[in-house]
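Working notes, structure below.
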Amino acid sequence: MSFNTFGHLFRFTTFGESHGPALGCVVDGCPPRIPLEATEIQAHLDKRRPGQSRFTTQRREPDEVKILSGVMRDEASGAQVTTGTPIALLIENVDQRSKDYSEIKDVYRPGHADFTYDVKYGLRDYRGGGRSSARETAARVAAGAVARKVVPGMIVRAALIQIGPHKINRSRWNWDHVAQSPFFSPDAAMDEVWTGFLDAARKSGSSAGAVVEVVAENVPPGLGAPVYGKFDADLAGALMGINAVKGVEIGAGFAAAAYSGEDNSDEIRMGNDGRPRFLSNHAGGVLGGISTGQPVVARFAVKPTSSILNPRRTVNRYGEETEIVTKGRHDPCVGIRAVPIGEAMVACVLADHYLRHRGQVGDGPTWPFSR
Amino acid sequence: MSFNTFGHLFRFTTFGESHGPALGCVVDGCPPRIPLEATEIQAHLDKRRPGQSRFTTQRREPDEVKILSGVMRDEASGAQVTTGTPIALLIENVDQRSKDYSEIKDVYRPGHADFTYDVKYGLRDYRGGGRSSARETAARVAAGAVARKVVPGMIVRAALIQIGPHKINRSRWNWDHVAQSPFFSPDAAMDEVWTGFLDAARKSGSSAGAVVEVVAENVPPGLGAPVYGKFDADLAGALMGINAVKGVEIGAGFAAAAYSGEDNSDEIRMGNDGRPRFLSNHAGGVLGGISTGQPVVARFAVKPTSSILNPRRTVNRYGEETEIVTKGRHDPCVGIRAVPIGEAMVACVLADHYLRHRGQVGDGPTWPFSR
Amino acid sequence: MSFNTFGHLFRFTTFGESHGPALGCVVDGCPPRIPLEATEIQAHLDKRRPGQSRFTTQRREPDEVKILSGVMRDEASGAQVTTGTPIALLIENVDQRSKDYSEIKDVYRPGHADFTYDVKYGLRDYRGGGRSSARETAARVAAGAVARKVVPGMIVRAALIQIGPHKINRSRWNWDHVAQSPFFSPDAAMDEVWTGFLDAARKSGSSAGAVVEVVAENVPPGLGAPVYGKFDADLAGALMGINAVKGVEIGAGFAAAAYSGEDNSDEIRMGNDGRPRFLSNHAGGVLGGISTGQPVVARFAVKPTSSILNPRRTVNRYGEETEIVTKGRHDPCVGIRAVPIGEAMVACVLADHYLRHRGQVGDGPTWPFSR
Amino acid sequence: MSFNTFGHLFRFTTFGESHGPALGCVVDGCPPRIPLEATEIQAHLDKRRPGQSRFTTQRREPDEVKILSGVMRDEASGAQVTTGTPIALLIENVDQRSKDYSEIKDVYRPGHADFTYDVKYGLRDYRGGGRSSARETAARVAAGAVARKVVPGMIVRAALIQIGPHKINRSRWNWDHVAQSPFFSPDAAMDEVWTGFLDAARKSGSSAGAVVEVVAENVPPGLGAPVYGKFDADLAGALMGINAVKGVEIGAGFAAAAYSGEDNSDEIRMGNDGRPRFLSNHAGGVLGGISTGQPVVARFAVKPTSSILNPRRTVNRYGEETEIVTKGRHDPCVGIRAVPIGEAMVACVLADHYLRHRGQVGDGPTWPFSR
């Protein structure tokens, strides 16, 4: 994980700004002979796509993905498969309205990366946020769509569990509702609550934060490596690296600090499948940095969109104090669109660790052992 | 960050188990001509050392560090300096009591890495936790002591802000108290509260979780890199990778989810030092993955020690159901000793990003810019 | 250097096959504020382009490069500069004749990567060599064009010094002739010799090997790092990784084995520029893995093109013995077009080490030292 | 491969100077459950050990290796096996005579890394060459001893094929003689020739270069990855990174430049083992960067020892011109001891690629394919 490349064996490199001709990624290290069609990737991109409800930005970005390399169509079966070589995915930018950036060109928007890019690089691409634009995350979702196919049977799903101060009721959790909800909510009752809350936020020119929960099922045990290649450490880095994320939890997370050792302990029995069955999952599917085979559960907090219509005090690049109002088409709650992005990042971490584990250990031992 | 190596330019590799002859690390990429004495490293190790109060394990590990390479004493000045080549640090294990491990040899302790190591590697070093022992963190603290010297003027400090359900009162925060407190507490009033709470936990054979806060000051702005080398992403990975950590926050963290855009916004004015002065620090010193120059603030949650005296249901490596009680000398709250470890990991991330930034950008631009 | 990414701080990832829609690369880690126009990159691509003489393949590939990201045009000066974010370069494939591959689809061409791709991946893209096509090197040349701009003042040039058994006379070395020669020859007298030799080879359906020499001037001293980041080790890896290369030398190379210690020794005097002046350069500009400031001199041997018109015995993917004749448009001597590729790889190694050195050491010491 | 770490999945980090308390390495990523005794590593170290004949330095370094971590003794079988965690290997320096370094402290020995270390780091450890000492290679040999056990059935052997201008006669190649020869010569007739030649060189205070050939057998096909993780590229980097190496060849190497396509072509038939049988091995066991299953054959040229007794012109660190004579206990031909080092580096590259291949491809396809 460095600069614009994520992962070790399953790795991808993203490129592109919101206002250049295109963005995309190169997925490298993908195993060969995996069926892969552009339509599969597109389906995931469509979930992240803006403009689908009034709670996400009204920019229209079709985000149509093209596979430039790394696949080959089998003449006999007609199926397209990976070849083991780099899979380049390209998404052209089509909605680059010529816009007047003179107001923000030299002024730093609080909460944005404006100052930090400028002080680091000595210049910044002020058009649409440049490289720090959430548009880069389309490339992550595309890479994640490939990653999903690497680990056999693995399912990675996410849902929104909090907007502003309003949390879901976990007893009403329903994965089926997530796909229908404009908020990726697992709790049908929250759609109305959040609608009212966000409408109010938008009307007042404000914005709201959120919390996303990602769950990965059918994760093989044994993924991850002590002590600086821990599965949960990589997961935390992956999720904290999503735009606007300020906190990450695995399993019980911060709540674990208040537990007793007894309460936090996940006792173990034998499952009918010959695998250990944990009586609870405070560990979130990982112990000692290595997956247990239980569902991997992670949560991350997304700060409220920094682009708000109310004036804020700031400075410009010449060190002069001023004020700024961020106009334009912005999501009042960027946390909503972070749901598919969180899924993608978790899928990529899992695919990478799956291959890394296989590299070191091969097929691994057969558990349980015989005496 | 992979396997047992942490970092990119400033990087270290640790090795060793609790019951082998020695553990240690190799610090690579350290700039040359930095004064470095073993006593400086020892001072940090002594903070992490167990047996200093009745709330940490009573094992006596002197943790005496030796520098095996990478330094040279200047004949003229008498000062020892780094040479730019790998700095190997060795800590011998002296308290390896011959102990009977037959009870846990084949049985998995809930909350420990016993099952995951066994299912991954097909064997596990059951003596003292093997590689998953907290003893490995001595090597992190040693590496961190070197890292502190890499970034000029940087100060990295940490404190314990919660044990079990008992949180400090932030208005009483006093860094001076941290060094005197058996808990690294910044709030003097908590020493008594936590003493009572932990005594009770210990008597009942239980354990407690905790939350640690790390603050780094004098961090140059511009450290970090979009989009998979973000400073905060690396920080999250580094802290989540500490034994028993289940959650990580930067700045406002999970609380940010409930804020409005206005509340979360860190407005900016000009400081007297010619640098931007942020009127608040919800960002925790990082925007867009790049440091702002404000203090870097991170928190992490440590789960309660999994070794408890009350029997828990579990299975053994042959797939048989059984029960286990973890005897022995254990910290009732591993979060206490995580304080210097958190400092060390943050120092290492900062040193690494300092060098990576210098590599790409050199001396960087002079801010503010002139028109 | 792993899979399809080259380099550490200055790094690029290439993608694409000869018969897909496009190929290209993502250059990551490039310093900001470096002037960069597509025309500069194009100039280097045009040198590598086939079809420029009768000794290179007659495929017409315009190899027109587009910059998709990582640059920004300064409104005031009109100059386009790098932003410090990934620079994606795209080259569309235009000459993908629909061709009948049925003859080679299942049969392995000796000397090609046909068998090895098939046995590794379980399939191979037989269209134009797939990923092993020399077309991938266009992306290297594009990346190299960016690399050249990273090290101030650095000049990287290459020339062909041998085709088949015919070597240049080094006393006639003339860099000016290289640009005019259809062979990138520094010895004008060889153009006629090589023309005759290659015409004969082509008529007989055969092919020829070659040796390329690359020289980098104005290389700062101090680049490289002991002991597995040696500048010359990275150089050797970079050049050996070019298609069809079988040997690499630095400085005196294999000849050094026959020298005495006295003959091989590069004695040192002080230069007028206050730098050491080596009285010879058997070291090829590198000692102990670190650049001396002398010109870096490397050579590499390119095997004869494996695609020849004379039938060769081989097997097919079903383990059946057969024969093959490789038809089509092939360079009789791929070494010729390897000249700009060698330049590019050396430039990339230098740019990477320049940034890595700056990362660890910063501005470095001022030499000579004062007493 | 960066700084002092070699490899990706099978990786090792070395540390130590010739005049510090110890040197060693940390081998990381080794698969678990591999039998490994210190005596096995010691056997390889003993081959590299100096003072075994009058043609290697007379320093007495017992080079006794200790395993500090990463192994565990099975109580039942008594065998010691790897645990999958880092294997730290330590070699104490015992022959650190207090010596007067005042003559070379400030003066640069031509051909050594003295100037380059000083100009890079601003200081150098002049005691015994510091980090650039050949003593570091003991750690490589130790790591290589572990690597050999990673790839089932693999045999890596090397021999000296040239000293000064005197080459072996390949028709007399006898692996059995290598172990008996003081030069690791495969040609018994050369022992006398080289003895006379080196005696003369030593008497005249001079030194000699050499060429080493490494052969790896039972290498699985499919190792390596296009296009910057090529097996041969990594091999070239590994061998060029050995002290004093100036050239590397694979298979036919530089000779290939003079071949015709027909001569260089390795035709293929079916072997009795159901694998392809190449009728020659100009490729040296690698095509397109991927192993063919044929023996991997590499050669490297070692320059004559730079430490010679005849005075050479040089400068000192203050920019003053002077002369130097290198006294002390030096090998007249460092190429001899490079033989086990070359073996070790090739073994490490193979082990790394074996795991990397397994990571991406798993068990891989069964060749030949069925229709």
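Order of writing sets the chain letters: A, B, C and D. Residues in each chain are counted from 1.
Here is the rule we go by: a contact is a pair of C-beta atoms (placed from the backbone, for glycine too) under 8 Å apart; a residue touches a chain by one contact, two chains touch by 3 or more.
A quick note: this is a predicted structure, and the numbers were derived from the prediction, not measured.
Student: Which neighbours does chain B have in common with chain C?
Tutor: Expected: A, D.
Student: Report same or different for the chain A and chain D interface, where same means the shared residue numbers exceed half of all residue numbers found there.
Tutor: Same: most residue numbers at the chain A-chain D interface appear in both copies.
Student: Quick one: superpose chain A on chain B by CA and send over the rotation angle as a multiple of 5°.
Tutor: 180
Student: Name the chain whose C-alpha centroid is farthest from the C-alpha centroid of chain B.
Tutor: The chain lying farthest from chain B is C.
Student: With chain centres taken as the means of their Cα atoms, state the distance from chain C to chain D in Å.
Tutor: So the centroids are 26 Å from each other.
Student: When the C-alpha atoms of chain A and chain D are each averaged to a single point, how far apart are the two points in Å?
Tutor: Taking the mean C-alpha position of each chain, the two centres sit 44 Å apart.
Student: Can you work out the whole-Å distance between the CA centroids of chain B and chain D?
Tutor: Going by mean C-alpha positions, chain B sits 38 Å from chain D.
Student: Residues of chain D touching 2+ other chains?
Tutor: 3-5, 8, 14, 29, 32, 84-85, 120-122, 131, 226, 356, 361
Student: What does chain C use to touch chain B in their complex?
Tutor: 8-9, 29-32, 84-85, 226, 355-356, 358-363
Student: Touching chain C in the complex: which residues of chain A?
Tutor: Within the complex, chain A touches chain C at residues 3-5, 11, 13-17, 20-24, 26, 28-29, 32-33, 66, 68-70, 72, 81, 83-88, 90, 120-125, 130-131.
Student: Note which residues of chain C are touching chain D in the complex, please.
Tutor: Spelled out, the residues of chain C in touch with chain D are 1-6, 8, 14, 108, 110-113, 115-122, 131-132, 136, 162-165, 201, 206-211, 221-230, 232-241, 243, 246-270, 274, 276, 279, 282-284, 286-293, 301-308, 310, 312-315, 317-321, 335, 356-357, 361, 364-365, 367-371.
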